[in-house]
Amino acid sequence: MKKQLLLTVSSNRVVAPGWHHMVLEGTDLPPVTPGQFVEVAAPHGATLLNRPISIFDATATTLELVIAPVGDGTKAICDAKVGDSLRVIMPLGKGFTTEFPVGSKVLLVGGGVGIAPLYMQLCTLIDAGVKAEVLFGLRSRPDAEFCKQYEALAPIHICTDDGSFGHHGLVTSHPAFGQHYDMIQMCGPKPMMRAVAASAAERGIPAEASLENMMACGLGACLCCVEPTEKGNLCVCKDGPVFNTSLLTW
Amino acid sequence: MKKQLLLTVSSNRVVAPGWHHMVLEGTDLPPVTPGQFVEVAAPHGATLLNRPISIFDATATTLELVIAPVGDGTKAICDAKVGDSLRVIMPLGKGFTTEFPVGSKVLLVGGGVGIAPLYMQLCTLIDAGVKAEVLFGLRSRPDAEFCKQYEALAPIHICTDDGSFGHHGLVTSHPAFGQHYDMIQMCGPKPMMRAVAASAAERGIPAEASLENMMACGLGACLCCVEPTEKGNLCVCKDGPVFNTSLLTW
Amino acid sequence: MVTDMSTQLGDLVLSNPVMTASGTFGYGFEYEDFMALDNLGAFIVKGTTLEPRQGNDYPRMAQTPAGMLNAVGLQNPGVEHFIEHTWPRYGALESKVIVNVSGAKIEDYVRVAELLAPLEGLRAIELNISCPNVKQGGMAFGTTCDGAASVTRAVRDAWPRHLMVKLSPNVTSITDIALAVEGAGADSVSLINTLMGMAIDIERRRPMLSTVTGGMSGPAVKPVAVRMVWQVAKAVKIPVVGLGGIASAADAIEFIMAGASAVQIGTYNFVDPSAAGRIPAEIDSWCQAHGVSRLMELKGII
Amino acid sequence: MVTDMSTQLGDLVLSNPVMTASGTFGYGFEYEDFMALDNLGAFIVKGTTLEPRQGNDYPRMAQTPAGMLNAVGLQNPGVEHFIEHTWPRYGALESKVIVNVSGAKIEDYVRVAELLAPLEGLRAIELNISCPNVKQGGMAFGTTCDGAASVTRAVRDAWPRHLMVKLSPNVTSITDIALAVEGAGADSVSLINTLMGMAIDIERRRPMLSTVTGGMSGPAVKPVAVRMVWQVAKAVKIPVVGLGGIASAADAIEFIMAGASAVQIGTYNFVDPSAAGRIPAEIDSWCQAHGVSRLMELKGII
């Protein structure tokens, strides 16, 4: 069941250039599955519409987000101070597949701040006995610092645009990408996800991609965030944000 | 010369129920005459238009305001924290007459938060050797606490609506009001000012009233804040806010 | 409720005047986690056309100052899908449902009305003659008196119960259009639909919407909507349903004072999904605090 | 300026396309503490009528979401006062001044134009056929093609230099009106004037404006204005001057991309009195950062 809650900011730290890691606290937060998102109301009405933010991690009393302040709304959200209240609607959408036979190999591919929703997914897969690995495309070394949390859980492969850390180049050029997996799950810029999906399809590997079309309601009511698919226009907010790439016509 | 400045909040205290005393600091604040006002931009764009606020006191480096948070704009301004910046346009309008023969008797009549612009006027008159007295109409005792600053300068007469302090009733029923003065200068609710003006006119005492019509620009450009006068519609922001009551047709 | 909140749109009696606007509330179910749908006076479901429609290409929305633009273009699974799959789910809520009927040709509007007519629990339809986001029909009907009257008259003959007609604000005289649809048999008018607007992404040097122009809604349009409701309510005898930027009980009361017999919450459903369900109680509180025992006493007092 | 910021409205060459809108900038002097008026491409002074006018009763304004309503009603001291007392003060700024000409009857518009014609330094007038705040004339002329064409043609015969006509957005087809005034001899059109709106003080149960309805302006209206500029610029051959909610260089560029040859800053002068003087330099910076050497390259690229 979706809820609208007033949560309190208990931590708000810049963890990489332009990335805020924010912890919100409350009571009776509804259960979340990895890959779902929340809508956060911009403080002071900075934007009329709430901003969709993917969930980094969540419990019954905490919600962790990683936010890049790119527009007026996300900037106002990132300006929130410890102790401020934020209005949050959660959980929204359909997340990643989490049920795999024990021992399955799953690759999680993240690009930029798109690595955020993969953290909760990684935790879930590891708990379920899935052999998960992580492949991230980042801007440069400081972003990689934030990835220590993932590294503690699973093998991690990092590419940077500037070569300042790990592999220099695109995720699709990383040796780890060429291995076989039972599933690739990803979140990041569309060009990256399209390239990954194309390669996965060629190799017969199923893939899931988390999209982030512009949305208004987040509930499947306004039909603004549609993505053309084999089943017609589907709502990223309700039918996604995670789609099997075989459905997508991008 | 008018200036638009970014000033820093150095103090913001509630000094009576619903009254914020705010001190703003900056450099090269332009000279102010008593009764002039400023336009303050509401933080976070809470209102599109700036809010006109009368000046409590000012120096070349400080601006003191007393603000009642009654609308969205003044509420956002009163929410400003020490260290916040506020955009201020100042000084605006024409203030009270300050030049009188030494020994003249002037009564300053304030109603509610309208006492604010009378503080700087009182200081100026006292410095100039004018025999100024103060007559305030307030809600109740806590408002009177704030008036200690005036009391230190001149004889003060206080009326309260609830009788919890001073005279119980309207300023026009206070014994001090019946004395003779060379000028009455006032700021407060229109009904109070009209009653004072009528009585002053009967007794042949010149009077000045500070008006606060709704305004947009504060510069005499938009012609929104007009007051009908013997000279036609005049701008409260530019031709006022202080008018000789003989001009007013209210 | 302490206040008598009821309102009457001709023969259509509502427990309270708060509805939700078509296209902002899905089919209602999307909001069930956030309110009891029964709290609403009525809810108007997604614009329904004869054939299924995929709507316009993405991008379909843009944020604007205190508002938004949309160009959804009537995406919906068609009237037959609605009748077979959606309608049966309403159960006890049937009496709260109003279907927004859209189309490109008069015959299509009529056919949709004919197909809906057998749903006896469906008390009202809202005729959308003002959608700015479809190439044919839609707003074209709503911007001339003849066009508005023709489609209204044709549907009037096909639809036996309450017929509400939703008007476009993109006209020189909305009162002329309102009088035309009143003359053609409308039981009520709802206004305003969206103002036609546009926004450009200057960095990419292209329009924000795939359709270039789209419909503007949200608090930004409220003054235009209040003005038009006031003008139309003075001009017609049928009830007026007001919408455009309503975000609070105070906004709803403003429309009622301007002459509206009921109101619709639209874009604000996207901002606070519980708002529409809460506003009736907030209006009740306001009335109690202001000594108003029957809300409709306030109707048209301006 | 590094960028070539110049623009041409037919025979009227401007150093840059940033003007200020009539009614929001007084006579210019009110803003001298906040900018060098010479930074502007032009400034359009207060609506000027044949006779002095006291305008409408107070209250004349109300705040609305991301905008405001006004009902000033053309308060001004009349054209003779302007010619005798105001015009002589402009000196070197004469070439920057455009006078907004308003009236209730065609003869009045014509007479004002005739009286202004001898001011040789006055390069242009803007004909206000779209003021929503006067009982007679004003918007009435602006909402029909015949009305708009008649007043334009009459003034065209009386005014020898650049004739800009300011259009009302409160119409079904602003392109039809624009084509009508183009046909009647206008040298350029400026749009949009205010959207007619209304707001109610529900506590006092009365309208916020003494005139009940008034003109809405500010960022809220920008999407409507951009849409209309885009439509009109595609339809007419004469230059289009865009206004409506411009608050930044980005907004100005948006209007230029939509087809405007120049822009006017209006309500935002009330928010930040230095904005209009700063925006030309900010456009220049944007152009430099985006490799645009001549601003008008961007005109109408949507």
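Should a chain be cited, it is by its letter among A, B, C and D, assigned in written order, with residues numbered from 1 in that chain.
Going forward, a contact is a pair of C-beta atoms (placed from the backbone, for glycine too) under 8 Å apart; a residue touches a chain by one contact, two chains touch by 3 or more.
This structure is a prediction, so every number in the text was calculated from the model and none was measured.
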In the contact graph of chains, the distance from chain A to chain D in steps is 2
Tell me, please, which chain's centre (mean of its C-alpha atoms) is farthest from the centre of chain C? B
Approximate Å spacing (C-alpha centroids) for the pair chain A, chain B: 55
Between chain A and chain C, what's the gap in Å when you average each chain's C-alpha atoms? 36
Residue numbers in chain D touching two or more further chains are 66-67, 218-219
Provide the list of chain A residues touching at least two other chains, using ranges where the numbers run on. none
Hey, how would you classify the chain contact layout here, line, ring, star, complete or other? ring
Show me, using the given definition of touch, all chain pairs that touch one another. A-B, A-C, B-D, C-D
Which chain D residues qualify as touching chain C in the complex? 64-67, 69, 143-144, 170-172, 195-200, 202, 205-207, 212-213, 216, 218-224, 226-227, 230, 245, 250, 253-254, 257-258, 298, 301-302
Chain C contact footprint on chain A (complex, rising order): 1-4, 41, 47-50, 87, 89, 213-228, 232-233, 238
Complex interface listing, chain C residues touching chain A: 23-26, 30-31, 33-34, 46, 54-55, 57-63, 66-68, 70, 72, 75, 218-219, 267, 269-274
Contacts from chain A onto chain B in the complex sit at residues 43-46, 76
